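Have a look at the structure below, then the notes.
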Amino acid sequence: MEIKHSQFKRCDLVRISGRLDSATAPTLEERLEEITEAGRYRLVLDLSEVDFISSKGWWVLINTQKKCKRFNRGEVLLVNVQPQIRESLNLVGMGKYFRIYDDVASAVGSF
Amino acid sequence: MEIKHSQFKRCDLVRISGRLDSATAPTLEERLEEITEAGRYRLVLDLSEVDFISSKGWWVLINTQKKCKRFNRGEVLLVNVQPQIRESLNLVGMGKYFRIYDDVASAVGSF
Amino acid sequence: MKSARRLFAGRYDSLNEIREFIAEAAQEAGLDSQGVYAIKLAVDEACCNIIDHAYGGENRGDIDCQVDVRSDGLLVTLIDQGKPFDPNKVPSPQIGKPLKEVKPRGVGLYLIKKMVDKMEYRTSAGQGNVMRLFKHKR
Amino acid sequence: MKSARRLFAGRYDSLNEIREFIAEAAQEAGLDSQGVYAIKLAVDEACCNIIDHAYGGENRGDIDCQVDVRSDGLLVTLIDQGKPFDPNKVPSPQIGKPLKEVKPRGVGLYLIKKMVDKMEYRTSAGQGNVMRLFKHKR
């Protein structure tokens, strides 16, 4: 898994690539915590290059979403979730916790 | 030339593809005027798919830039200007009128 | 009909290798890309549960993984020597809760069942805990 | 050494065809992609000037366009029957003005000169106005 972070004026973009499983989820968790601990709660996660997400990965995203939405201070937006990943997410009823965009620009532009 | 327009919260994205010459410049001019006349002066022009720009095309962009920057109300940002086009722009000293970004998200995120 | 068996160390680092081992067999069994993803995800979740629950942590025991390419799909057998459990006593996760109330656990087993066409679990003193997952070809 | 000659209607719609005609010859002359772009841009600007200034508008006359593939590069000859001018009397554009003061005109001829290695213009009663543009191969 690779993580690239860009800080914009009104949100942060995190581009993730590779697999998000029990082995890599803690690394992502750390990076996202760095961002939220800096008081930045508007996140765009570009998942175009992510080809596998297990429940351990989803929990990281969901915990981050909870933190960001608290006090209405922000939100995690997902971009380009691959169909199979999206399907598994919906299957366990977690799809509704995220707004999913087709391209990064629209997600960034929505903040 | 094809033009696609998306309106975001704080800026507008215009994706242009094809050639921008004397034949097509008026069409672009019209579309950009529609946007600025709606009071929207923060524009991101994605030129990744533009393979030719003659001076008539540049004038459209420069006139739009003038209009947008007036009263500090906005700016035209360019994204992904192909090297040869960028070179011809610099040659006539017009490169300095535009900030050029490598990707749409960063440009949108800068507003 | 091809079969293969490999022993993996019970730690998260093995998961990627395990998934690759499964994916190869799944392709050989003629599963489509959705099917391959489904069985990979089910096996990943099952192995993760073995590490977390059966062994109670990483590096406490191995995961014995067998694949059987059948004419109608892929059978995966996972064996561990850890603590047994009764899948029928695990409550289904509550789906559709408001975000605030969601607790980050309890969907693994549910996902496994949804991803495969058949899930069996039995435990015996001699053999250990055996989970069998079958994914039908479409 | 290949030569070709085509007559184009003096209107903006022709510019794309003209550029394609030029690009093909430029490739044949062995120009690299920067060279091809440069000569296309120069010819586009020159033809646009013919339409705007020599003819004073679209659809008033033709542009006669000849390409000569030479061993050292590409020669393009553009002939119009409109109003002649003296390129030496055209002032250079003021480069580097603040944006507010920039007027949208006056860079075409300058761009042409910068894009090619040689630019010649002459006018004669019999032939019309002849502009010759040469782009060296690198």
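By letter and in written order, the chains are A, B, C and D; residue numbering begins at 1 in each of them.
To be clear about the criterion, a residue touches a chain if its C-beta (ideal position, glycine included) is under 8 Å from a C-beta of that chain, and two chains touch if they have at least 3 such contacts.
Every value quoted in this text rests on a predicted model; they were computed, and no experiment measured them.
Undergrad: Give the label of the chain whose average Cα location is farthest from that of chain B.
TA: C
Undergrad: How far is the middle of chain A from the middle of chain B, if each middle is the mean of its Cα atoms, in Å?
TA: 31
Undergrad: Just the number, please: Cα centre separation of chain A and chain D in whole Å.
TA: 52
Undergrad: Just how far, in Å, is the C-alpha centre of chain D from the one of chain B?
TA: Computed value for the inter-centroid distance: 25 Å.
Undergrad: Please set out, as single numbers or ranges, the residues of chain A touching at least two other chains.
TA: Nothing qualifies.
Undergrad: Of all possible chain pairs, which ones touch?
TA: After working through each pair, the chains in contact turn out to be A-B, A-C, B-D.
Undergrad: Sort out for me which residues of chain C touch chain A in the complex.
TA: 12-13, 15-16, 19, 33-34, 37-38, 40-41, 44-45, 48, 51, 93, 95-97, 99-100, 102, 104-105, 107-108, 110-111, 114-115
Undergrad: Along chain A, where are the residues that touch chain C in the complex?
TA: Within the complex, chain A touches chain C at residues 19, 21-23, 52, 54-56, 58-59, 62-63, 65-66, 69, 84, 87-88, 91-94, 96-97.
Undergrad: Flag every residue of chain B that touches chain A in the complex, lowest number first.
TA: Those residues of chain B that touch chain A are 6, 8-11, 13, 44, 103-106, 108-111.
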